Amino acid sequence: MSAPEGATGHGPAEAAAVDELAFDVADLPGGAAAALEAVLMVADEPVPAVQLATVLGLPTAEVEALLHRLAAEYRGEDGGRPRGFELREAGGGWRVYSAPAYADVVGRFVLDGQAARLTQAALETLAVIAYRQPVTRGQVSAVRGVNVESVVRTLVSRGLVTEVGTEPSGAVLYGTTPYFLERMGMTSLDELPPLAPYLPDLDALEDVDEAEGAR
Amino acid sequence: MSAPEGATGHGPAEAAAVDELAFDVADLPGGAAAALEAVLMVADEPVPAVQLATVLGLPTAEVEALLHRLAAEYRGEDGGRPRGFELREAGGGWRVYSAPAYADVVGRFVLDGQAARLTQAALETLAVIAYRQPVTRGQVSAVRGVNVESVVRTLVSRGLVTEVGTEPSGAVLYGTTPYFLERMGMTSLDELPPLAPYLPDLDALEDVDEAEGAR
Amino acid sequence: MPPEAAAGQRAAASGAGAFEVHLENFSGPFDLLLSLITRHRLDVTEVALAQVTDEFVAAVREAEARAEPWDLGRLSEFLVVAATLLDLKAARLLPATDEDVEDLELLEARDLLFARLLQYRAFKEVAATIGARLAQQARSVPRAVALEPHLAALLPELVLEIGPGELAVLAAHALRPRPAPTVDTSHLYTPTVSVREQAALVADRLRRSGSGTFRALVHDAGSPTVVVARFLALLELYREGAVAFDQVTPLGELTIRWTGGDAEVTVEDDYDAEPADAPAPEGGER
């Protein structure tokens, strides 16, 4: 579980207090589904099913089933009308989004350009980091053939890329963030489209990597 | 439902030219109700019905009727189950809130992982906002070199920072609150210690400001 | 942009306005030709590169005639790839001899360059699909609202362990100017080689020996840049009428004869001009 960035972990006393349940979600008017909805309403980042299960006092499997049912319901798959919002699993948890069908309407409302487009250079750098992580700036430069320092800095300040370690040489290693996955609508890096179809010959590329490493 | 003026018998291009709307909410899968939900779900503060009507391209009276119908639907008055969220009119507008019936569960979630202390990241962000206010999240991100979205939200929910306006671009400007002054033992922002003794070169600092402004 | 299978995206990426070639043994987009050659389904030596170039030039002319000229990026991309192909083909056509250990290394370097080009192209294409996916996903806006006051009131009282002084230190630390970002081009432009200087050197050698092969002239060149500079210097000397070229067969040994007499010859410095009046770069602000 990823704790919110603005807060540190809590002490054992608080955790103990939290474990005593003052309620049973089944007794609530809308049942567990409504309780889940209520929690999702105040979440400001993807919430893992495990965390939701802890909060609701229900088994994780049950909460996961409930989440999938809610998501389907919002899409109108239970016979009701499709909702203007949807529940999606991305970036390591579940979160409520406006439905894409209403992007034009929402776009008129949300003026804050929260999803400013990335430049071609930034996209290419992001692609190399996504597929090659953990990777140094030097290695990304070698693929792109240009210096990527300021582009990497932009990606970091956009929250898409972060430092994930250092090489023995001292060079900083970069990788993508959970926020990147969320923005891609993915739950794991495994969902990235395979690179192989775009590549002619993997053996040749390994040689390239080695040659780069030797520089 | 009556079609909005200027929407009948026009091709998309003509319609856009007539009322600058690239869509007709009646054509969307969930209709006007879903479009309204989409906007409300991502609205951070109460939105006046008039503004919603403008965004949707519908008469205000129709939007108001729709808002009351949605609010009743969420309460379960149309025969469906009560939702975990509700639509309320307050503070001069409409906003979606978690439903009070589930306050215990939601409270557990809010406390889960929260702590009494601010992280280093939150403290640094607070310092930058204090000295640079009014400032956008993007400008703070540029200074700190990391994405500060969730940190700023923590500071807002802790009452230390608040929205103080918007830039012409639509980006929200943040500043510190009277509660912040109180907690710092100050009566005015003028009492913030000057930065000069801590900085190697003030001219260079101004350069930084300009460089940020140009981004 | 609608979501599509990877193959579809790929076709789209190279689709609109893609340059097509029509050869005896191949017909289709230039990109595909490249892929086939790298996968060894097409022998690079059997591809009529001259014809590819002709068609390319024709395509560019046609685009210009329609007043929608190709952008510099597409042109230079073709040039780089075509040059590498040509290089590759030239290397394969040359008979392999025992003494050509260096050439073998050269050949491997070429293959490496080609592989790197294709690798870059792969990332470019996959970057396009990532961009499309980000744009498509951005049609959903996440709900991110401030805590309602009655919920915020539940939070434990904040322990704020810093005072104004500590706050100032934190602010100063965060606001401290960082070194302005610069674009390092040292990997693109290795230490400047002056064509004029190389011309003087080449002229001096040829004046003394009367003639020599290009291979001998660049034998002591430390880097490809110096080789290029000497070649450009020879072209300049040819323009001045100071040298003449002999090449018995295409791609064969190039012999250069000195025809310039004893007079001092200096070449124009078209290549060496310093961009002295160019504005200083503004350090990554935009």
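Per-chain residue numbering starts at 1, and chain names A, B and C are given in the order in which the chains are listed.
Everything below uses one rule, namely that contacts are C-beta pairs under 8 Å (C-beta built on N, C-alpha and C of every residue); 3 or more make two chains touch, one makes a residue touch a chain.
The structure displayed is predicted, hence computed values, not measured ones.
If you draw each protein chain as a dot and join the dots that touch, every dot ends up joined to every other dot. Here the chain at the heart of the structure, going by C-alpha means, is A.
Chain B has its Cα centroid 21 Å from the Cα centroid of chain A.
Chain centres here are Cα averages; for chain B and chain C they lie 45 Å apart. Rounded to whole angstrom, the centroid-to-centroid distance between chain A and chain C, based on C-alpha atoms, equals 34 Å. Residue numbers of chain A whose C-beta contacts span two or more other chains: 14, 40-45, 85, 96-99, 106, 110, 153. With touch defined as above, residues shared between interfaces to two or more other chains in chain C number as follows: 141-145, 147-148, 151, 156.
For chain B in complex with chain C, the residues that touch the partner chain are 41-45, 95, 97-98, 103, 106-107, 110-111, 114-118, 123-124, 126-128, 130-132, 143-144, 149, 153, 156-160, 183-186, 191-195, 198-201, 204-205, 207-208, 211, 214-215. Of all residues in chain B, those touching chain A in their complex are 22-23, 25, 28-31, 33-43, 47, 55-56, 76, 80-85, 96-99, 101-102, 104-106, 108-115, 117-119, 121-122, 141-142, 144-147, 149-151, 153-155, 166, 169-172. Against chain B, the residues of chain C that register as touching in their complex are 141-148, 150-152, 154-165, 167-178, 180, 283, 285-286.
Taken together, the chain C residues at the contact with chain A in this complex read 6-7, 10, 35, 38-39, 111-112, 115-116, 118-131, 133-145, 147-148, 151, 156, 181-185, 187-188, 284.
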